[in-house]
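The chains carry the letters A, B and C, assigned in the order they are written, with residues numbered from 1 in each.
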Amino acid sequence: MKKEGIELIKDGKRLDGRDFDELRPIKIEVGVLKRADGSCYFELGDNKVIAAVYGPREMHPRHAQDAKMAVLKYRYNMAPFSVDERKRPGPDRRSVEISKVSREALEPVIIKEFYPKTEIDVYVEILQSDAGTRTAGINAASVALADAGIPMKDLVSSVAVGKIDGEVVLDLNAMEDNYGEADMPIAMVARRNTITALQMDGRMTKEEFDKGLKLAMNACRQIYELQRTALIERYSEM
Amino acid sequence: MYKVVIPGDFISEDVNRAGEGTYIEGGKVYAMRYGVVDDKEEIKVVPFVGKYQPARGDVVIGRITEISFPYWIVDIASPYEARLHMSEATPDGEKRIEFGSMHTYLDIEDLIVAKVTNVDPLMRIDLGLMEEFQLRGSGRLITIPYTKVPRIIGRRGSMIKMLKEKCNCFIFVAKNGRIWISGKEDDMELASDVILMIANEAHTSGLTDRVASFLDSHRRVRMYNRKNKGLKR
Amino acid sequence: MDDVRRDYIYNLVKRGKREDGRDFRDYREIKVEKGIIKRAEGSARVKIGNTEVLVGVKLEPGEPFPDSPDEGVIITNAELVPLASPEFEPGPPNEDSVQLARVVDRGIRGSEAIDLSKLCIEEGEKVWIVFIDIHVLDNDGNLVDAAALGAIAALLNIHIPAERYGLSNSEGEDTNTLPIRDKPVAVTMVDVGGEILVDPNYNEEKAAVSGLTVITNTDGTISGMQKYGREGLAEDKISEMVEIGIEKADELRRRFL
């Protein structure tokens, strides 16, 4: 992960001009797919992701059904053209892990008891990648689940913080992720301050971790407002 | 304009009136679904879309998908399939249907009007046939989210009454969002379009008046039809 | 897990107890045996309670990654072999196996314990690939800590097999030992009924609704974290877990590495 030789901070600003605690621009569109029960297109800087939800629907195979509640499934997938060096189609180990962590990020808010013996499928496709795709995916999936009418307690919001040139910063882009010292994606239920996903890669002191966590939680609250606005406005534009 | 809410939005502190589509936490009522608040009697959130959950007493339109003696398996536009026992097809214990001849009564792909007679804790759903259970003749079946059905019916049936009169069609609206329309080709087209329009704008106010004027100038329907086919997403 | 067993664990915790009588912050009995597999360049067998994991490290020359032509490569893999648990099935790695490998890998990589720049044989052409293979033999909970401890224990004191591949040492110094600069240790904790339990056994893992692994280094810095489970964790609980993680890692490092 760490490579030498690039100055990521110049004159107190990051290479793309952002402040240490600044998010990249975000764009959210709700209900963009016709066949899916719910969907959301999400941009975070140069990341472009699309999430679709199917369900609740009958679960197969039958023996995998849960008699008391719905089973949530999440599939994170990168399109071959989404990265500089073409990614071979199909799940790789990174995608498998991200899918698991993302599913666990959303599970706490889904009221699964409502639809026993069914499955709720979340599909996230990364169309263009610039670091932070898993966080964009979780944000998009949250909105898509609401759009599909899935009973939920709340939305989940997600962002990553990291360390570059010794400074803790918010929402790394690909350059910062490649040449930085640490990367920490988190997911949170903004209104309750509960963390539903947390991973850290790289090296940080406890103080840096504490600072990064607070920075991330704050940003999640901002993202939550954007998610909420997108959903409310969709039905207000008549 | 009804109030639009998303899951987790705070609605009220009146927990005694909390109804469908809400949950209670810490003495407050929150929205559980993405939809509109209806707090006329109970505090409810009517979702924009959702999957139909069968309840005893509901009248639904089903489609036979499988014959599995002694049951027909029926798709009722729900995450759960329903079953119809063969004795339902022969009331008064007339005749016992023989193995291998169920399809002579009801076959795969047949549409039926049925009542949900039971939903057990394992989500096994039993149906009973309504007296007039067949949807025969020329007609069309359209499907809208089950959540919009009350809007199509209207307060005390006012909306559906207007639709039937002005479109000159037989219209049967089932609880599971399936609607059977029967009449002349042009009339069915108009009825279809208007029903989809109501479904798309169900959360807005002044809808009844807009529908009335829409029907009255139905010539414009032909153009709306070509531009906006299908349920708006 | 059935409700009866889950309630049993939960009720014990509410009374301040654990199934095996441990304190909430205590590890089960740990045993670490190094160098037990002759054919591997490094190996360690770790037992934490009844959980048993065997880690083998093998070195082979191979191609470097294009963007780091003068650095060695670490490849970590975990096998949850069927004999280790009635729940493990034969087949390609599932999500649990992938997660286990990647979390252990993260800890080693983040700490820069292996000085990859010393593993270059021929820049752009040949470097040493360090294969860390985790073989789970018995799953009684907390595979991560056992695997991570096994990995670093296996990495310490490895003889680089230069002779086997006809590669002589450069500069005449003894560059035959794999250069290890730090000793990252993973500490896994779960939340049961609001209490933090360190080193969950199988039943406690299943009864818990969320958990956190914290991997820390000799100087107390963090080189990996991973949260699990179907429920969320509050910020202050996470903070407490990180502190416990740093403290327990020091203990394990002193005793076994």
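Note that a residue touches a chain if its C-beta (ideal position, glycine included) is under 8 Å from a C-beta of that chain, and two chains touch if they have at least 3 such contacts.
Fair warning: this is a prediction, and the values are worked out from it, not measured in the lab.
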Category of the chain touch graph - line, ring, star, complete, other: line
Chain at maximum distance from chain A, centres defined as averaged CA atoms: B
Mean-CA-position distance for chain B and chain A (Å): 35
Distance between the centres, which are taken as Cα means, of chain C and chain B, whole angstrom: 54
For chain A paired with chain C, centre-to-centre distance based on mean C-alpha positions, whole Å: 26
Chain A residues counted as touching two or more neighbouring chains: 189
Chain B, residues touching no fewer than two other chains: none
Residues of chain A touching chain B in the complex: 31-34, 37-38, 55-58, 67, 109, 111, 114-118, 146-149, 151-155, 189, 191, 228, 231-232, 235-236, 238
Parts of chain A lying in touch with chain C, wherever the complex brings them together: 1-3, 93-94, 96-97, 99-101, 104, 107-108, 182, 184, 188-189, 192-206, 209-210, 213, 217
Residues on chain C engaged by chain A in the complex (per definition of touch): 67-68, 93, 95-96, 98-99, 101-102, 106, 109-112, 212, 217, 220-235, 238-239, 242-243, 246
Parts of chain B lying in touch with chain A, wherever the complex brings them together: 1, 4, 6-8, 21, 23, 25, 30, 32-36, 47-51, 53, 79-81, 122-123, 145, 147, 201, 203-204, 230, 233
